[in-house]
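Take this structure first; my questions come after.
Chains: A, B, C and D, in written order; residue numbering restarts at 1 for each.
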Amino acid sequence: MLKLTINGQEIEVPKGTMLLSACQQAGADIPTFCYDPDLKLAGSCRMCVVEVEGRRNLLASCVTPCENNMVVSTESDRTTEARKVILELLLARHKVECMTCEKVGMCKLQDYCYRYGVKDSRFAGEKGHFAMEDPNPFIERDYDKCIMCTRCVRACEEITGAQAINVKERGHHAKISTIFDGKLADSTCVFCGQCIMVCPVGALTSKVSMGKGRSMEYDRVLTTCTYCGTGCTLELNVKDDQVVGVTSNRDATYSPVNKGALCVKGRFGWDFIHSPERLTTPLIKENGQFRPASWEEAMDFAANKLKAIKEKDGPDSIAMFSSARVTNEENYLAQKMMRAAIGTNNVDHCARL
Amino acid sequence: MTNSIGELGTDATAIFLIGTNTTENHPVIGYKIKKNVRENGAKLVVADPRRIDLAEMADVYMQFRPGTDVALLNGMMNVIINEGLMDKEFVENRTEGFEAVKQVVEKYTPEMVSVITGVPAEDIKKAARIYAEAEAGSLCYAMGLTQHTTGTDNVKSACNLAMLTGNLGRPGTGVNPLRGQNNVQGACDMGALPVSYPAYQAVSADANREKFEQAWGVKLSPNNGCTLTAAINKAHHGELKGLYVLGENPVLSDPDSHHVIEALEKLDLLIVQDIFLTETAQLADVVLPGVTWAEKDGTFSNTERRVQRVRKAVSSPGDARQDWEILVDMTNRLGYACSYDSPEDIFEEIRKVTPSYAGITYARIDQTGLHWPCPNEEHPGTPILHAEKFSRGLGLFHAIEFQEAFELPDEEYPLILSTGRSLFHYHTGTMTRKAVALDVHQPENVVQVSPNKAAELGIIDGEKVRLTTRRGSIELKAQVTDILNDQVVFTFFHFSEASANVLTQAEKLDPVAGIPEYKVCAARLEKIV
Amino acid sequence: MAEEQRVILEYADKIDPKKADDYIKVGGYKGLEKARSMDRKALIDEVKKSGLRGRGGAGFNAGMKWSFVPIKDEDRYVVCNFDEGEPGTYKDRIICEKNAQALLEGMAICGAAIASKQGYIYCRGEYPFVVKMLREAIKSAKDSGALGDFDIEVRMGAGAYVCGEETALIESIEGHRGEPRFKPPFPGVAGLWAQPTVVNNVETFACLPYIMTNGADWFAGIGAAKYPGTKVLTLTGDVENATYFEVPTNYMLRDVVYKLGGGVKGGKKFKAVQVGGTSGAFIPEQNLDTQIDFDSMSAIGAALGSGAVFVMDETRDIVDIVTRISKFFEHESCGKCNPCREGTWRCREIMEKINAGKASQKDIDNLMLLSRVMKNAALCGLGQAAPIPIDSTLEHFGYEYSRKIV
Amino acid sequence: MSNYTDIIASCQGKKGGIIEAFHAIQEQYNYIPEEALKEAAKHFGIPEAQAYGVATFYSYLSVEKRGRYIIRMCESAPCHVAGADELLKEMESILGIKVGETTADGKFTLELTECIGQCQATPVITINSEPHFDVNKAKLAEILASCK
C-alpha cells in the first residue's frame, strides 16, 4: 500500500493506483475531458492536473501513478489557473451556441466553465472552421465544437472496433477525420453512435433526436433493446410522454451485456414508436375492407369465430403464432390460452426464421 | 448459448464462427469478439460463404459452399482425431457415442472435404488445430448454420466438434447459438412451442401434462401441436381453419410467400395482433392493436439466457391496448377464466410452473438480469451450462453423414441463393422500415453478386436486376461485391417491395426442427432488358 | 581554431565516415571490443563514472539511464535520436558526416550494456543524403565484422520537430503519428513496441567509443566537472564564423561568440544570443561570461540544449524574431494536449499583434499567463519549452516589447 | 514507374514501416495518392483512417498532388534574419504562385519549411530535398533555371 496526503487528508491506495483515482477516493472532484474509464488513457486534455509537492510541473492525475508520500493538492491556485486557462483556450476555438446546442446539461465544457467561472476567453482570436459535412442520417458531426479529447477515436477503435476515424493533421489544424476526411457512410463506420456516447461536448450528437429535447428535459427509462437477441440495455429518453432519444448506461450493474455500447438499430432505430402509421384502433374486415371497431366488438367477433371453429372442426384446427418479439409474460399467456382455453398445442413462433 | 456473451470478449482464447455474420446481426457481440482478437490476441476462425467483416481479421477464413456445413465440421473432426488433438479425457468421462462418430468422420479427410466445400485442405487443418488446441475455444453460430434442410444435423455436428475438443462447460468455451430476436429465447422458454410447456417440459410426457393440468385446472391435449411452417401447409390443405398471429409477419418471414398468402387466404379466420398493419395484418379478418416494447412492462430473455426487465416508458397511442390484457381478455372470452393485475403478476405464475425461472423475481432483476437456470431465490443464476455434467448426464455424440441441400443449382437456375439480414434492418422491417434514419440509410433491397458473375451477366453495380427461383421473381438493385464467390448470390428479407421469401422454398424443411432452408436454393440472376 | 578540443571530430575530413576500415585504422571499434569484454554492470558503471550526460538537451546521466533497463526475456532496443530539429542546429549531421562509425560503435556499446541486438537510428527527413550515407556506413561496419551481431536500421522522419521528443520519436518509428506519450512509463521500461529502450542523442553515442578506449577518468577530466567532455556547437546568425566547433564544456559563452565566432558580423554591436536552439532562452550581454556546461547555463535561466548558438546584432528586432519563433511552435505542436495545441496558436496570435504594434499591456499579461500555464501543464517538453523565448525576452529585452505596445 | 504495391512491398519486413513506405511512394509520385495510402494501410495492417492521420501529420508528406519540383523555403529564425521573407516574396513573384500552390504547368510547388539543418549558409532552400545555400535573388534565378 502507498500512503498519500491529498488535500490534507491521508489515504492509502494499492500500488499501481493512478493519482486521479486516489484523489477521487479522497473525495476530490477532478475535472476531466479526455479521461474515460472504459478507454485507454490519453493524458492529453490536462484538465485533471494536480499539484504535487516537490514537482516543478503540474501532473496530469489520470496518467500519473501514485507514489509513496506524495503530498497532493487538487484545487491549488496553480491548478485552478491552469484549468481556467485551458477552458479559455478551448472556449476560444469552440463554436459557442449553447442556446441551441443539443448537449446542454451534459456538456462538460459548459459544466467546467460554470464551475471555474469562465465567462469568456482572454485568448479569443481566430477560430478554426471545419466544414460540417455528413449527409448520414444518424450522427451530426460539428467539429467547430470539438475539443480534441479523442474519446470518439478511442471508442470507435476500442469499443466498437470499427476504426473509422482518427486524428488528421497536427497542431490546431488537427481534426477528427475518416480517411481523406470523407463521409462516414464511405468509411468503416457502422453508425453505432458510441462516439456520441463518449463525446463530452456538442460535437457529436444524434440527428434522430435533434431538436426533440435536452438532457434536463427528459427522463431516462432503463429497458432492454427490442431488436436482436443480444439483450442490450438502453435508456429511453422520455419527454412529455414521447420517446425523444436513446442513451445508455455504461455501468455494468445496469448494462451487464453491453456496458453502454449499442448498435445503429438500438441507438437510432426507436422513432417507429411514434409513427403515424401505428395501429390505434381494432379493425374488422368487411367486404374486403377494414373498418374501425370497438374493442368489445372486435374481441367478441374474434372470440365467437374461434369458438365456432373449435366447435365445428375441433381445437386442432386452430393455431397460434406467438412472437419472439413480445415479452415472456405475453408468450406465457399466449401458449396458455391455446392450451387451456382452446385445447390445442398448436402454438409456435418464428424461432426458426 | 451454453455460455455468456461477456466470455467472448474476455475468456475465449479461440473463437470459431460458423454461419454467423456477427458484426451485422449481433453487433455488440461482434464488438466483443473484435476486442478480444485485437487486444488479447484471441484466435479467430470464420467459416461463412461470404467474406464477412470478421473474416478480414480472422486467422483462418473458410469460404465454403452453402449447405456443406456437416462436411466441413466432419473434416475438422477428422483432422483433430488424426492429429491426436482431441480431448480424450473429456470424451471418456463426459460423453458417449464417440466411436460411431469416429467411424463416420474417418472418410472426411481434409482433401475429400475440400472437394465438397471448396475450402483448401490446409485451411481446414489450420482451423481444426486452432480450435482444438485452444485453452478455451468458443463455437458460435447463427442462422447460417441452422436454416438448412440439414439444420439439425449441422447443429449436432457443431456439438460433436465441441465435445471432441472438450470445449464445453468452462469460461470462454461452449456451443453458442446467437439468437436473432430480442425474445426468441424467452418465447421458447415460455412454451410457445408445439411440443413443450414452459421450460421445455414435453407435452407428450404424461407427468408434465398432469402437472400443468393441475396448475391450470383444465384438461390438456396430449398431442404435439404443429409447427409454424406445418401450420401454413395445413391451412393450405384446408385442415387449419383459424389462426391467431401475435406480432409476427409470416407473409415476409416464411418461405415461399405466394404459398403463405394462399394459405392465409384459405383460413376461415385470421386474427392479427400487432403494432402496424403488416403485410400479414392486411390479410386478417380482425386486427387488434397492441403496443411497442416502449409502452409495456415485462421481461425478455436474451441469447445467453439472461432474463432482463422491459419497462414502460410512454403511453400507447389511441386505443392500442397492452398485449397481455388483450390475451387475458381473449382467454376469458374463450371460456377459460383468468385474471392478472400486472405483468409481474403473470411472472409470478410463470415462476411456479417454470423450474428454470423459479428463483427469478422482478425485484432480483431490477438492476441486473439473471441467467436461467435459477431454481430458487438464493441461486445466483447460471452463466455457464454443462459445467459438471450435461442435462442428460453424458453428452451424446451423433454420427452424421453429409447430405446435399434440397435444391441445388442446375442449368436453368445456376446460382445458389442465400438470404439473411442487414445491420440496418430487423426481420420483416415492421419496426426498422418505419425508423426514419434506418430506412433513409438503407431504403431498398439489393442482391449481392461477385464482380466476375456480374461481368459475365453484363450487370453493373447499382443496376436493377431480376432474381428468379422456381417460386417467383423479384426485381432489385445489384450490389457488386467481392465478398462472395461466383456461384453464390445473397439478398436480404426485410423489404416487402422485393421480398426474399418470394424466392425461398417451403417444400422441404428440416425434418426435425421444421426450419426452412433459407441459406440455399437455386436461382437465376438476369439483367432487365 | 586552437581553442577547439576535438575528440569526436578529431579525424574529420581525414577519414571516410562510410568506411569502417578507415575508422578502424585510427583506433575505431576498440572501445566496443573492450565493452564486450566487460561484465554488463561494470560497463554501465564505467559509463556512469565518466559522467557522460545526454547531449540532446536533457542532460541526464547516460550510464544511469541504461541502469534502469530491466533485463528480462523480452527484446530491448537501442535508439539513436538523430532528429535534430532545433533551428540553428546541425551538429549531429556534422558528427555523422565526419565520423559516422563512432555513432555506430557507440550504439553497439550501449547494446552490449543493455544486452540488446537491435539499434535504430531515427534520422530527420531533412537529411535523406545522410540516411543514405549511414546505410552505407552500417553495411561497411557489418561487413567488416566490427558490429558483430548488433544490427542497426535507419528510419527516416518526415518533418516533425516534435519527434525529437523521445517518446514521439518512438511512436514515429512504430509508424504512428509523432505524438509524445505520457510518462511514466519511461522508454527504459516500456519504449519501442513496449519493450525496454534506451534513447540517446547522436553526440552522446559518439562519445562512448572514446570513453571506452581512453577510460572514464580521462573523459571525466575534460571540461566542466559536472558535465564533462566536449560539446559540438553550431554558430549561426550575425557572427563572422558561422560554422561548427567542438570545445570542452567549460568553455565560456563569450569566447564562443568572440573567439570561435570571430565576433559579431560586420563589426556591429552584440544584442543577444539564443543558445540551444529555438526553444532556448535569449541571453543578454551581461550573462555572456558563463560556462556553456549544462548547470552553468541553467543557473542563468538558459540551457545548453542542442548546442546551437544563434547570435543577434544590435539591429535585430527581438520581438520580430520571437514572433517568428512563436510561429515555429504553432507549426510544430503535435496537437495532442490542450495547453500546447491551443497555447502555441494563441501565443503566435498575440506575438503578431504585439509585433504589428496593435497590442496593449493586457495582451502582454495574457501572454505571460499563457506561458506559465503551458510550462506548468503541457504534456511534453515542446509545449513546456515553447514559451521560453517569450519569457526570456520579456525579462531581458522588455523595452523592445514596450516600444511596440499601444 | 513502379506500381504502389511493388513500392510498398519494398518496405516488407520493416515493422511499423509505413512512413518508410510513404517516403518511397513520394519519391516516385511526389505525393501519396489515395489508392497508395489505402494499399499501404492494408499492407501494414493498420486502419485507413489511421494511415491518413499519419500521412497528414508529417510536413514532408503530402496527400495532395504536387509539382515535379518541390521548393521548400526555410523560414526558421536563422534563415528569417538572413532575409528569408524577401526571398520568399521573390520566389512567389517569379513563379507566380503563393505558398502551398503548384504552377499551372505542374512543374513547381512552393512550400515553407522549418529548419533543415544547413544553418551554416543561410538562407537555405531545398528543391526535392536537395539544399541550396546562401540563396539570394541572383542565385535564385539560376537555381530555378536549372530545373528542367
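Miscellaneous remarks
The working rule: a contact is a pair of C-beta atoms (placed from the backbone, for glycine too) under 8 Å apart; a residue touches a chain by one contact, two chains touch by 3 or more.
None of the values given here were measured: they were computed from a predicted structure.
Both subunit A and subunit B are touched by no common chain. When you average the Cα atoms of each chain and compare centres, the chain farthest from subunit B turns out to be C.
With centres defined as mean CA coordinates, subunit C is found 64 Å away from subunit B.
Computed from the mean C-alpha positions, the centre of subunit B lies at a distance of 56 Å from the centre of subunit D.
With centres set at the average Cα position, the gap from subunit A to subunit D is 43 Å.
Each chain gets a centre from the mean of its Cα atoms; for subunit A and subunit C, those two points are 47 Å apart. Shared interface positions of subunit C, defined as residues touching 2 or more other chains, are 160, 177, 331-332, 334.
Residue positions of subunit A with contacts to 2 or more other chains are 167, 169-170. None of the residues of subunit B touches two or more other chains.
Screening every pair of chains for touch gives A-B, A-C, A-D, C-D. Every residue of subunit D that touches subunit C in the complex is listed here, in rising order: 14-20, 22-23, 44, 46, 50, 53-54, 57-61, 75-78, 80-81, 113-122, 126, 129.
Chain contact summary for the complex, subunit C toward subunit A: residues 160, 177, 182, 184, 330-339, 341-346, 349-350, 366, 369-370, 372-373, 375-379, 384. The touching residues of subunit A, when paired with subunit D in their complex, are 157, 163-170, 177-181, 187-188. On subunit A, the positions that touch subunit C within their shared complex are 33, 41-47, 49, 57-58, 60, 63-65, 78, 81-82, 85-86, 89-90, 92-93, 122-123, 125-126, 147-148, 167, 169-174. The part of subunit C that touches subunit D in the complex is made up of residues 84-90, 93, 124-129, 153, 155-161, 172-178, 193, 234, 236-238, 242-244, 274, 278, 308, 310, 312, 316, 321, 324-325, 327-328, 331-332, 334.
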